[in-house]
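Order of writing sets the chain letters: A, B, C, D, E, F, G and H. Residues in each chain are counted from 1.
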Amino acid sequence: MSKPLDQNPSAVLDFQREKRIGLSEAVFCARKSPGQIANILARFEEHATSCLLTRLDQKKFNALPSPLQKQLDYDSLSSTAFFLDPNPKPHKIRVAIVSGGTSDASVCAEAARTLAFYGVTSNSFQDVGVTGLWRLLERLEEIQDYPIVITVAGMEGAIFSVLGGLIDAIIIAVPTSVSYGIGSDGELALHAALGSCAPGLVTVNIDNGYGAACSALRIINKLRIV
Amino acid sequence: MSKPLDQNPSAVLDFQREKRIGLSEAVFCARKSPGQIANILARFEEHATSCLLTRLDQKKFNALPSPLQKQLDYDSLSSTAFFLDPNPKPHKIRVAIVSGGTSDASVCAEAARTLAFYGVTSNSFQDVGVTGLWRLLERLEEIQDYPIVITVAGMEGAIFSVLGGLIDAIIIAVPTSVSYGIGSDGELALHAALGSCAPGLVTVNIDNGYGAACSALRIINKLRIV
Amino acid sequence: MSKPLDQNPSAVLDFQREKRIGLSEAVFCARKSPGQIANILARFEEHATSCLLTRLDQKKFNALPSPLQKQLDYDSLSSTAFFLDPNPKPHKIRVAIVSGGTSDASVCAEAARTLAFYGVTSNSFQDVGVTGLWRLLERLEEIQDYPIVITVAGMEGAIFSVLGGLIDAIIIAVPTSVSYGIGSDGELALHAALGSCAPGLVTVNIDNGYGAACSALRIINKLRIV
Amino acid sequence: MSKPLDQNPSAVLDFQREKRIGLSEAVFCARKSPGQIANILARFEEHATSCLLTRLDQKKFNALPSPLQKQLDYDSLSSTAFFLDPNPKPHKIRVAIVSGGTSDASVCAEAARTLAFYGVTSNSFQDVGVTGLWRLLERLEEIQDYPIVITVAGMEGAIFSVLGGLIDAIIIAVPTSVSYGIGSDGELALHAALGSCAPGLVTVNIDNGYGAACSALRIINKLRIV
Amino acid sequence: MSKPLDQNPSAVLDFQREKRIGLSEAVFCARKSPGQIANILARFEEHATSCLLTRLDQKKFNALPSPLQKQLDYDSLSSTAFFLDPNPKPHKIRVAIVSGGTSDASVCAEAARTLAFYGVTSNSFQDVGVTGLWRLLERLEEIQDYPIVITVAGMEGAIFSVLGGLIDAIIIAVPTSVSYGIGSDGELALHAALGSCAPGLVTVNIDNGYGAACSALRIINKLRIV
Amino acid sequence: MSKPLDQNPSAVLDFQREKRIGLSEAVFCARKSPGQIANILARFEEHATSCLLTRLDQKKFNALPSPLQKQLDYDSLSSTAFFLDPNPKPHKIRVAIVSGGTSDASVCAEAARTLAFYGVTSNSFQDVGVTGLWRLLERLEEIQDYPIVITVAGMEGAIFSVLGGLIDAIIIAVPTSVSYGIGSDGELALHAALGSCAPGLVTVNIDNGYGAACSALRIINKLRIV
Amino acid sequence: MSKPLDQNPSAVLDFQREKRIGLSEAVFCARKSPGQIANILARFEEHATSCLLTRLDQKKFNALPSPLQKQLDYDSLSSTAFFLDPNPKPHKIRVAIVSGGTSDASVCAEAARTLAFYGVTSNSFQDVGVTGLWRLLERLEEIQDYPIVITVAGMEGAIFSVLGGLIDAIIIAVPTSVSYGIGSDGELALHAALGSCAPGLVTVNIDNGYGAACSALRIINKLRIV
Amino acid sequence: MSKPLDQNPSAVLDFQREKRIGLSEAVFCARKSPGQIANILARFEEHATSCLLTRLDQKKFNALPSPLQKQLDYDSLSSTAFFLDPNPKPHKIRVAIVSGGTSDASVCAEAARTLAFYGVTSNSFQDVGVTGLWRLLERLEEIQDYPIVITVAGMEGAIFSVLGGLIDAIIIAVPTSVSYGIGSDGELALHAALGSCAPGLVTVNIDNGYGAACSALRIINKLRIV
């Protein structure tokens, strides 16, 4: 009587996704137990398919079975891991990742690692927040060489607007939850990206470095073909 | 002077509730101490009435007196327990529980256990989120066999609308707090259920698997009679 | 150069919807111009299919072409109209519509008219708000004869909980925007329905009498078959 | 250079407050360190004035110097303490404290202890939530004997409206943060108290049992004189 | 087919309310049509019972049938009317209504008229906002003669706290929607009343002069008896 | 004394913007008077530069000086106008504009007109909301031919996720304020776009058809070069 | 019976305010009727004291008695008026008013007129929004000559941070309600001012040009003395 | 493959900031690891430039390398540290820091330490909350000697308005997160500062003692020169 749950033991994964949308299924670890993660990875292994794990913090990584840990290419700053070597074909197109300070480093890293999983190289431009505008202006020419710029910022997100008015790149804003007082949890930076006067900015959810990289990948996939 | 409180030692339970509304009083354990829970169960025992406990997490279960633990049919995934065997008359009508992924498993389980307490069998359909639409379409015919479908989803809750446009079942939406960034804590999924274009969806509170099951039970009680 | 829009002149209506989900496509008039409404109804006429129009206020009704007005069975309290006689097979099952006061009358009427479009009779119980509890208690026995009760309330929505603790019917809550001060626009009543202690309540969006009726119809469709 | 702060070592307490407003200064311990609390109590001792401490949880109480602990009449359910015997003149007027369940017990206790500090006796009526309406109706006559009723409720706070429509007492609503899902943290119950249809309810802040007792005391002080 | 509504033509009024709670049913006109108001007043006339109408603005008053207008004692500042002479027994206890400026005048007037309906005299103290603190201090002694003080304020509502720290009266705060920018619609003033450091304040909903008067009347009814 | 304002009479326009970011300065008319608009256009005329006007509703267009009206290529559905013939070089790359219904037509039109101003052709796919999923699936192959898809949706915005899981295009979501009840004003659709499970979606502000087109243009400008 | 209001006919004005805080009482006209405004000005006339009127829109100005209109030095852009010639001693210190566009003109004008009332000259720098950064950089040297800079901006308010990182002036931010979509009503700009990374910014309420000028005046009053 | 990040090892600090805006770059430690802090300080040491560290709580200070701890002048109440002796030229102008109670002490201390870093002396006036108004009035004359007053308050922030109406100083409000129930996290106090009736108040973000000091420093820098 007390076991009515038909708990289907093996997850039904969407292995056709990459073919359909150019991006494979990733494993979002934030709400999964180590056991659930191990079960899912077993399915990938059966299918001989590599996968990207996100939001896998150091503590949860340490709680995984030791042999599994060894199978993972883990990066603690970004809380990401690669399971089975993705071994992607390198892309010619590179992405710039621009941010204001060290506090946004983990979100930048999540974007960079996601790009790397698909063979895209990125370069990061840190410490270019607008309070010291010269730092951004000094590196502007360099940034302008990239067709796609992922811009990561918390607080008031003024860099979204400043950059949007200075360069003609495709700009993807990633608001971060680095802030305090009113508008914290990234809401202020998100609204700044959405309400910017600079035309043609697009945005993804707060702290969503993974999502920003995925949208860059959609663009890159089309840039190659067109 | 310092003990002015007239702390009535024994709770006044609503044993007539089942007769009135078809559902007996359940014990919501989230804000109760182990001592308070034990006292309340003692009242049920005196009254020789079985009861359902919800939101009883593993840690609080472990803190209950050891003999009491043994009297409970406890399930940790759903954080529910049955006190005294409910021994319900099995119903012919079954309920489908549809969800997008493993993260919603505990809410699904709370619904399933509540139904089981009253003798209703449920079947779960997991991993049918709309990002891999084929997974839902593949199992649609099966789902259509159930008159009542409890649909559990976090994030943007798109499955509520998709399912609502595809089947003629009674659909009860359970938004979950599985999400991050803006609209987290389940608010986005709740609003998606309420604001859906698909006609005739109803919803319960965030993470309220118990409530969804209770509304299914109200319907089943009427289905039997009419 | 200045006319780049490919404005497809005829709407693509979902005439298969009734077969799929038991409910046909309705025309939500709130954001449509009289011209757009006329165009859509022309499609229904071609298809010899009757339809329900909602949120068609008196002013917009008056702005429709005069011959079209005559084709409509219009009701101004509910802001609904029937286009072409739906001529439904009458159902045996009836629905109770319970509300606290005259201010909720238009939402009650929208629910009643939607039910009528599908051949379901409803009876309304007004002036049974909890401030004068005797008025509700006096009519309770009568209300208990209905398997489905649509409960419409604004302000603090206390009637949802009171009724939910007194009867075993299927209760669908419709919060209304009748309120003022903090929690106005119906948010307070909506939250009261979602956060109620009474087990097994379900709710629809604010002022959504149409949605409540649709969910009642999904239940009735199943009650007939099972 | 590095010690610019003129940290005035002794707090300036408002010993005239009781004379002015009939209520003495209480010590709100939630944001104070054990050291700060001890310093403040030392000032009360110098002044030979008793005082009430609120939001002093068990852990912080245990962190106080052991001799000071002995000087306190501490109650852990309400997280309150009396410093130096207040020894108030007992009042004839008593207060009813009405609540729905055991989860609200600590807020009820804070109100009761505050009243006791000033010599007012209270009686608590628990387990009278509206889901089992008979429990409230059964004790209604008893409650009606009290001129002042403090009503404590979380969740949807329906009891505020029900009680407000049934008795002619002075009703002070205390919304509590006992809830979950949408409207949690007591906001739903607060809004229910403010937006109630029952005329003449007043409310205090969420979980503010102390404040409810203080407003009762203001009334009692006037009731004695007029 | 198109008239399924059982629109019970005559409202069921709660004439027993005054006996139960000491306050009779009032007619809240904000969401009612002139026709609905006229119907309700006809019921009061049949029952030979006087009633108070609130939120009846000048425009709606003018839209009432002319003979009905003559039966009303109408006051446009407060948007209230008396139907049939209430002829109350005058109370000895008087109420002070304190406010900061002319912008709050209509809310003050609603409170005053409600009190007058029940035979309670009030005196208003205007222009005593805290920006010119001397104006409040100058009239403080006068205000202290009243056992009950209704305090009406918009904007930051600082007067609630200042007054609460200066006098021992029963203080009922009425936040008003007089404000602009952030915190407008009265939310700031409401929160200021709820979050005040001054002990023993109670509050009613935004702009709810009627509610403040009703709570004063509950107190007065008890002050007379005790 | 009374004219202290140094009101610099001629606006300083940013004619270098197109060179810098590939997009010229547009005139957002929503908060400007007809006189202010005329002054700004005079500057563009002096500079022999064409410009795009947005949020110019029919009423404000009619209030412009009659000769100026004749100089404008005005479209009332989109509330846009072209001043001086932009005469752009046509692009080979085309954009799909996908939406659920007629209510979103004006936002779709704003995007289409902005693209047209820069010589980009768009095709609209209307009536493909997910409640009638077959309508979307039927046209999917056609949509897949476009490298960039602007998706416009109000209500629960479920189409963002469904489409994001089905095609590999660059998808730009435009949430619209077409909704009612909770989550209205487009907030629900915005959050659905941000919180979608489908990887690689980007979003712009509510109702911002202009912004979506601008971001498409940034991508097209890069697609041409790379 | 029906006239219980003690409506004290003459407002009690705070003529000592200027002496106390250096700023005289202004008349905020937004919620006052023409009659109330006329009564208040009569008091100023009796007292031979000039005053500043704010939020007096053209329509309300036109509704004032014609002789009174002639006594006012009215400016419609700022919705301000001077009653009786303030005739202030001119200050040497001047204020810069910096803004992004024509949409903020009325808020800038309110600040400028308030300063003028007290004899302070201001210069406005318009069209210096950050989307065309060169426009701000071009005028930066000029702006740096002012010790106090009032910065007025709506939308994402990026100029607050950019300016705060470039100059050493005292910077007072005035967020405006010029925006749309999410974060509208000026909330986004307000939060941007509060959450800016640039150290030492201060802010006033949304659209509060008057308040910004008053805080500049407090500073100027001290600059003169120190 | 797994190390795609170009993590530039040394932060690019803005050493020109002090010259530009009169304030040097401070190190906000809240989101930085001990390692990141040590790296940044190494850069300051190379540059022989002293710096201020904020939000460095005791636990994080203890986690710094022991030699580095010795180089810091650390203050735990304010969570600030000075790295390398700033050795500023003392200013003649002093600042008053006014607050209501001991709970605001850490925010006051952050302001005082920031001022000290730049050679400005401050004096604190604690325990002057408005509930005991005499305490503020008693010290008013003393406070009036300061040209700049930083006012720190949580809860309902009534002191902002009271002080603003009593003195002619430059008043900088710092709302604090000291509160509970509705409006907690400092939002109520922030809104009270913004919505105050007292003219000429300015505000900084919640708990931002550092920002308040910086704005005072901007004023002092100008006071010296003008």
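In this section, contacts are C-beta pairs under 8 Å (C-beta built on N, C-alpha and C of every residue); 3 or more make two chains touch, one makes a residue touch a chain.
Computed from a predicted model, the values in this text were never measured in an experiment.
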item	value
Touching both chain C and chain G (chains)	E, F
Pair with more cross-chain C-beta pairs in contact, given B-D and E-H	E-H
Chain D and chain H, separation of their C-alpha mean positions in angstrom	35
Whole-Å gap between the CA centroids of chain E and chain F	49
Averaged-CA centre spacing for the pair chain D and chain C, given as whole angstrom	45
Chain C and chain H: spacing of chain centres that average the CA atoms, whole Å	56
Multi-chain contact sites of chain H, meaning residues that touch two or more partners	17, 131-132, 164-166, 180-182, 187, 190, 194-195, 198-199, 205-206
Chains touching one another, given as label pairs in label order	A-B, A-F, A-G, A-H, B-C, B-D, B-F, C-D, C-E, C-F, D-E, D-H, E-G, E-H, F-G, G-H
Chain H partner contacts - residues on chain A that touch it in the complex	73, 75, 77-78, 82, 85-87, 102-103, 105, 108-109, 112-113, 115-116, 121-124, 126-128, 131-132, 134-135, 178, 180-182
Sites on chain E touched by chain D in the complex	17, 20-23, 26, 93, 147-148, 164-172, 190, 194-195, 198-205, 210-211, 214-215, 217-219, 221-223, 225-226
Chain B residues within the chain F interface of the complex	100, 129-133, 155-158, 160-162, 164-166, 179, 181-184, 187-188, 191-192, 194-199
Chain G residues touching chain E - in the complex, by the definition given at the top	1-8, 11-14, 16-17, 25, 28, 30-32, 36, 40, 186-187, 190, 205-208
